[in-house]
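Chain IDs A, B and C follow the sequence of writing; residue 1 opens each chain.
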Amino acid sequence: MLFGSLPKRFFLTSGYGEASTDLNAFDAALLKAGIGDTNLIKLSSILPPGAEQVEPYALPKGSLVPLAYGDRICSDPGATISAAVAVGIPVDPAAAGLIMECSRIGEPGPCEEAVRAMVREGMEEIRGARIKEIKCISATMIVRRVGAVFAAVVLCP
Amino acid sequence: MLFGSLPKRFFLTSGYGEASTDLNAFDAALLKAGIGDTNLIKLSSILPPGAEQVEPYALPKGSLVPLAYGDRICSDPGATISAAVAVGIPVDPAAAGLIMECSRIGEPGPCEEAVRAMVREGMEEIRGARIKEIKCISATMIVRRVGAVFAAVVLCP
Amino acid sequence: MLFGSLPKRFFLTSGYGEASTDLNAFDAALLKAGIGDTNLIKLSSILPPGAEQVEPYALPKGSLVPLAYGDRICSDPGATISAAVAVGIPVDPAAAGLIMECSRIGEPGPCEEAVRAMVREGMEEIRGARIKEIKCISATMIVRRVGAVFAAVVLCP
């Protein structure tokens, strides 16, 4: 796909996890999101034209998975943390979609509103594109030891 | 290219953008740089031996684009921000080139001087290689709301 | 490999370097580690099932190299800095292995203990998997000007 074929499909997923270190909590959140045994490659976040949404499915263990995501790791017991990601699907099937991510200390609602507003600004105001639909997913948790939340748009072959 | 063929070409590009959030400003800068509807994969920054410079061209929307870049996002109205990237082309066509990036609050001149000096240090002092030429590009702007500058060496098939 | 074949082999490597800037020091550490003229793509860190360890070898200059790594860059002369990475090999050959990284100001011993403990937590406690072996590598140095340490698990075709 790097210089090859474009991603043709995508899915949204999210998760949260608890552990004793930042990396272990992040890893636990990925497992909860169903993509924990893959190698994530973080992208700057564009949905290829015409990509179709599918249900999350099991990716081959160890595979390199391109995706856009928001995450937050926190080690303050009692804190609420949230992450959200949104993808704007354009009316024009030849246009690219835009993915935006956000994370914060606090409830997921403001995160979801923020990513939706960012997609609208990027597509309508900056690109002058019409939006068919905005899809959004989020994760939230109350931290006990070290917590991680994660929300992603995964690009698939 | 990952375990496949090497990038054979490269181009330099830069851009700047304004918006109401960090991610939207970064996205606007990418659009201005002509690579806004692609998925960036940030590399540690080596130019493959023999890669040829080409004029910037339109990459397929949504494609995964390997590149090295410097960027700066700033939300202080009135601030000047700059980013620069330089690539050293070695005399030896079988040797790798080195890409260095820099960004700062301030004028672009010092950024350009910094990346050129970093390329010279990396190639001449550290690798003991002779430099045929250093190519450099930068971007600068005065921030109004949230601004982003971006300068990149894009690797192409 | 992105949507293609999985990495079949891996090797551990580490290095340290000195220079006058952060990026040059990091570049010098990569050269010392034997992967200095390649383009690193940082992964979230899973070892594909059945991947075999090999001795470090010269990767093609300029190639895109997927890897998991820990690094630390420091410009405090006299400071000791360390980085370590560990990979857990599961008893079950169909299971994925887990890679964890750590870096710190200080001796390498605590870094190595930390990454080993993180691999055990991620595999035994979180995945409920049995570990056959944990492989670990680290780098350490006393900074003179600007120093960088680097420890990695490199995935290969």
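Keep this in mind: contacts are C-beta pairs under 8 Å (C-beta built on N, C-alpha and C of every residue); 3 or more make two chains touch, one makes a residue touch a chain.
All of these numbers come straight from a predicted model, not from anything done at the bench.
Visitor: Could you label the chain B-chain C interface same or different, taking same to mean over half of its residue numbers are used by both chains?
Guide: Copies use mostly different positions to touch.
Visitor: Once the Cα atoms of chain A and chain B are superposed, what angle does the rotation have, between 0 and 180 degrees and to the nearest 5?
Guide: That rotation is 120 degrees, given to the nearest 5.
Visitor: With centres defined as the mean C-alpha position, give me the chain B-chain C separation in Å.
Guide: About 26 Å separates the centre of chain B from that of chain C.
Visitor: Two or more other chains in contact with one residue: find those residues in chain C.
Guide: In chain C, residues 1-2, 7, 41, 64, 66 touch at least two other chains, as defined above.
Visitor: What part of chain B is in contact with chain A in the complex they form?
Guide: Spelled out, the residues of chain B in touch with chain A are 1-2, 4-5, 7, 17, 19-21, 23-24, 26-28, 30-31, 37-41, 60-64, 66, 156-157.
Visitor: With touch defined as at the start, can you tell me which chain A residues reach chain B in the complex?
Guide: Its residues touching chain B are 1-3, 6-7, 41, 43-49, 51, 64, 66, 68, 95-96, 98, 100-101, 114, 118, 121-122, 126-127, 155.
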